[in-house]
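Below: one structure in structure tokens.
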Amino acid sequence: MNLAGNLTMMTLLVNGDSREVPAGITLSDLVALLGLENRRLAAEINENLVPRSGYTTCRLEPGDRIEIIHAVGGG
Amino acid sequence: MNLAGNLTMMTLLVNGDSREVPAGITLSDLVALLGLENRRLAAEINENLVPRSGYTTCRLEPGDRIEIIHAVGGG
Amino acid sequence: MNLAGNLTMMTLLVNGDSREVPAGITLSDLVALLGLENRRLAAEINENLVPRSGYTTCRLEPGDRIEIIHAVGGG
Amino acid sequence: MNLAGNLTMMTLLVNGDSREVPAGITLSDLVALLGLENRRLAAEINENLVPRSGYTTCRLEPGDRIEIIHAVGGG
Amino acid sequence: MNPSFPDPAGDTFTLAGRSFQSRLLVGTGKYQDLEQTRQAIEASGAEIVTIAVRRTNMGQTPGEPNILEVLPPDRYTILPNTAGCYDAKTAVRTCRLARELLDDHRLVKLEVLGDEKTLFPDVVATLEAAETLIAEGFQVMVYTNDDPILARRFEAMGCVAVMPLAAPIGSGLGIRNRLNIRTIVENAKVPILVDAGVGTASDAAIAMELGCDGVLMNTAIAAAQDPILMAHAMRLGIAAGRLAYRAGRMPAKRFASASSPLDGLFF
Amino acid sequence: MNPSFPDPAGDTFTLAGRSFQSRLLVGTGKYQDLEQTRQAIEASGAEIVTIAVRRTNMGQTPGEPNILEVLPPDRYTILPNTAGCYDAKTAVRTCRLARELLDDHRLVKLEVLGDEKTLFPDVVATLEAAETLIAEGFQVMVYTNDDPILARRFEAMGCVAVMPLAAPIGSGLGIRNRLNIRTIVENAKVPILVDAGVGTASDAAIAMELGCDGVLMNTAIAAAQDPILMAHAMRLGIAAGRLAYRAGRMPAKRFASASSPLDGLFF
Amino acid sequence: MNPSFPDPAGDTFTLAGRSFQSRLLVGTGKYQDLEQTRQAIEASGAEIVTIAVRRTNMGQTPGEPNILEVLPPDRYTILPNTAGCYDAKTAVRTCRLARELLDDHRLVKLEVLGDEKTLFPDVVATLEAAETLIAEGFQVMVYTNDDPILARRFEAMGCVAVMPLAAPIGSGLGIRNRLNIRTIVENAKVPILVDAGVGTASDAAIAMELGCDGVLMNTAIAAAQDPILMAHAMRLGIAAGRLAYRAGRMPAKRFASASSPLDGLFF
Amino acid sequence: MNPSFPDPAGDTFTLAGRSFQSRLLVGTGKYQDLEQTRQAIEASGAEIVTIAVRRTNMGQTPGEPNILEVLPPDRYTILPNTAGCYDAKTAVRTCRLARELLDDHRLVKLEVLGDEKTLFPDVVATLEAAETLIAEGFQVMVYTNDDPILARRFEAMGCVAVMPLAAPIGSGLGIRNRLNIRTIVENAKVPILVDAGVGTASDAAIAMELGCDGVLMNTAIAAAQDPILMAHAMRLGIAAGRLAYRAGRMPAKRFASASSPLDGLFF
């Protein structure tokens, strides 16, 4: 991901919030951008699960709805 | 009962309240004094029942504890 | 229905029992044969309801499964 | 207790049963006669408790009602 | 005539030598006014009605209506109670006053209470008071706990009815211990009347289904949102439970049993 | 006229567009004979009466009396049921037959059973059958378990009444889960009728006190020692519970509350 | 050490001046043999064990084992009872015999029964016997009904523990009237021990959750199919109920409350 | 060694091919903090522990402790649930996310809720979700109502455990319908785990005495005044109920049965 220069941005819906990110980034890039690299997470794009092995190759499109989840206490 | 002249008074406890009445009155007199003549009542003197037939002959003594009761709603 | 002469017979399953009846009779004929003309009934052929208006025109086929039912006490 | 010679006998009611024993024996003698010397027991004569210390001095009278009890399982 | 129609006249109960058709006994406390009291009692169909005796308020105006005025003696059997008494002596005094008040009326409901929180009976003091009252010729209907042994003792003393509580007075909790009430009923030769604790019509029906001869209640009617309607409900609940008891209910079974016949299923 | 007198005519319930005064619905199974059936139904005061449909016995003599003869259609609303059906298709066939039998009668009680031991409904098959029947123009009263979510679903589909079980059919165990029945009632806009499991009059009263619009029963009456008397008891139990519901019961309290006044105690 | 580990040593109860860790008291009747008795008591963890006194069988062989032999006095506090006594005098005689038998043992469980069918206490005779025994220096643990007023009276007389029944002795019906037991507990300063009527481990837990100091039982263990296993179950049930009482249970609510958070739902 | 000592190792239950000693399953919601969660779970002795999955809060600091950190996978079997899902699709998505999150973890607790007030399951949507999940290789433990027919259907579909509710989630009302739970247990070949509604230790014991294989709870522990103590109580309550079930309780009888012998009474 080239962060230098004039970036073209795109809008994603991440966990329900609109977020501007550089166009063409991967899911792996997004997780890094969000500072969640070392967290135990799972993710969906447009309601479809993305296996962790696919984060680096999964390129995001404008308007994608991303869900990033983790475990919490619950009963 | 002679209400004229200088009455000697005595103190009774009537239904828990101290009450000055002319000395030597009967239970019948007391009921009249209290304005209860035509009421359906029963009475005790010092925790002993007084039949209604005995009201006119029952002379009260200073310090007597009189209870005059009637029927009320109850369950 | 011609009951005289050499009748060709066919087998029906009426209320679960095999029954030989003249070939080609109608549902109305069957009800009469069973002595149920004046009973309040409803009937199915092969699990399909037959309206009462159709009894006289409904011709039975060999092997037809006929159910004839009436009301009984139940809760 | 002299068991030799012609004993005069007396009747006791021991635990509900009539029992002939030599006249004049003590409660201690009775316990021995019954073969209960080493048992953990308590006893009554005529509904009165007899402390164990009194067994040897407690002389029985004809007609005495003796109860000898012990512990059993119960809840 | 339909011979199986349940004839209420044929199902009376006898208390102190008198025969009653209604098995619902009601109190007269806690109502809004005497007119509501009157209407509720009428709706309940009760024939036996409890009252209390209290000190006459000296300041009371003479014309003030009195509870007895809405309870014509030719229509209702008045049942004075000893509510509020916490010892035998006071309960006995109360009964004597009530007897005098009501012209040698001998039928009383004896209750000697143990504490204000539970209004449970003090059964020891109740036994003592009952003994005195019976000796003085009273016909004692006795409020007690639901102990079958005590119930039998009150009967043996000569009480004309035994009145075990269903639950604390005024609690509306219904019958807390059906087994005890049932055992009391089975042992008894005098009427057993559940007294206190009923909250709604089904509670009254349950008491009757256990075989009780009747139920006495007050708060369940008076504290309903619509007391007159609840009085009707209670009258019907008592009748329903009594009829069910007489009819002999089906045995309860753990598992199902079809109501429609299994024969003739066409599938 | 006493304005608070409970006017039964003013407390009807509406089912499939028709208005009914009696909130007791009865079955016609398990009676000794048709005469007992007739008397019990009459004593119950029921206006809606269930029947089953079964294969006509070929050997039956033509003169044999028929259940419909003791149920004059001007007096009773006949409610054919699908008792004995263990799948959706059979239940639908049964309803079609009943509709034809009763001259385009569309009101049916749908039950699709899950097993013979419990006679619990198979709710999945019931949903399927209900959908077909409603599409064919039937007015479906549906027997279901006491799950509030399912009850709402049946209502949303267009069932004209939802009939949760109190306990297994024919068990007489009474309402096993009052909380669920209460929740179903609170959620509902169509009539909620407790169906199955009632054992005695107080059970019926409890169902009504929970706010149900009515109760359907059969075994509790037919298997009582005296069915006619029990039919009366049930009629009264339903009325008692309904009135108590309308009257608004007192709140239950853990502790006691005196019925007689505390003022004026003289000791 | 985990500071929140529930330390049983820190949760003793005090009875007649002695401190006990186990809140399960057991009887020794109805077992197959003394070895089973011994094992069951050991498994129960009980420290207080009841026995009865009975006439010595004259024909008994001297070597026959005795109940006391399986109850070493350094390990168990023996609690002689008056089971089988139907009047005050006999109960007092029984206690005196037991005291002598056990070398001036003063702790007794007093029960004076009212009849054989219910084995309910005769509370009047029990009061009389308790008075005599207390005057003679006995430490009386008293079997009574579940009447809160009587419980308080026994405490006021000087009984060292009050033992209300849960249900009839040997019935296994569990606590019939939780409200009464709870009220007795709230009023009491001496230990309240539920005596009689417990049937299974949850019954014992419920008694403890109501705040009782302990439970005495016999039949529930001895008449289980596997008494030793049930003794273990009871030991745990008592401990579970006690801990739950100390922990303070959640309030019951009519409706639901999600255990998982509502925040962060992604749909 | 005492041969009758109940050996917990000998009384495991098998779920989805794995063997467990603890029959108490716990949730991890509603605790004060993770340390309290950790302590409560440890005190409970649970081996299977539920978690939820929720959106990651973007503002969250990376160092914030995570529920999984207090649940070492070598010690606990993690059971992700679908709490908060009101339709089949969302529940399926949640399970897929959880599976990925936990490295192809296939054991899930499926719940599809019907409404927020009761948190009752939507059994139709649950059936749909279960079908999809089982086809995708999940091991589905399914939260359902207490309908025995549905329970059997879930088992037949291939669910590895059926989890009927005792009462609404978080209500603490205990087992509302013991008969249904008992019937479900009798029919089942897979583990039956009561899920939701337990309020205190005796409730847990009752579930086990009915023959359930285990109990899952959360609020009853987390919302107790002292959650750690209550976790101990629940552990013991489960063990007590299980042992009582294995021991075979005495039959309940209406009337009394003396524990002490009748022979040898000396009066």
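In this document, chain identifiers A, B, C, D, E, F, G and H correspond to the written order of the chains, with residue numbering beginning at 1 in each.
By our rule, a contact is a pair of C-beta atoms (placed from the backbone, for glycine too) under 8 Å apart; a residue touches a chain by one contact, two chains touch by 3 or more.
Predicted model only: the values in this text are computed from it and were never measured.
Fewest steps needed to get from subunit A to subunit F, stepping only to touching chains, is 2. Within the contact network of the assembly, the step distance from subunit B to subunit F comes to 1. Think of it this way: of C-E, D-G or C-F, only one pair shares over half of the B-F contact pairs by residue number, and it is C-E.
In terms of the distance between Cα centroids, subunit G is separated most widely from C. Taking each chain's centre as the average of its CA atoms, subunit A and subunit C sit 71 Å apart. As a whole-number value, the distance joining the C-alpha centres of subunit C and subunit D reads 96 Å.
Subunit E and subunit G have centres, each the mean of its CA atoms, that are 36 Å apart.
One inter-chain figure worth recording: subunit D and subunit F are separated by 74 Å, centre to centre, where each centre is the mean of the chain's CA atoms.
The residues of subunit E that reach two or more other chains are 27, 29-30, 52, 54-56, 81, 83, 93, 117-118, 120, 168, 173, 179, 218-219, 222, 254, 259-261, 264, 266, listed in rising order. With touch defined as above, residues shared between interfaces to two or more other chains in subunit B number as follows: 15-16, 44, 67, 69, 72-75. Those residues of subunit E whose C-beta lies close enough to touch subunit F in the complex are 2, 4-6, 27, 29-30, 39, 43, 52, 54-57, 81, 83-85, 90, 93, 116-120, 168-174, 199-202, 204-206, 209, 218-220, 222-230, 232-237, 239-244, 246-267.
Those residues of subunit D that touch subunit H in the shared complex are 15-16, 44, 67, 69, 72-75.
Residue ranges on subunit G touching subunit D, taken from their complex, read 26-31, 34, 37, 50-56, 58, 62, 66-68, 78, 80-81, 83, 89, 93, 96-98, 100-102, 216-219, 222.
Contact residues of subunit A toward subunit H in the complex are 14-17, 34-36, 38-44, 47, 49, 51-52, 67-75.
Those residues of subunit F that touch subunit H in the shared complex are 114-115, 117-118, 120-124, 127, 145, 147-150, 152-153, 167-168, 173, 176-177, 179-180, 183.
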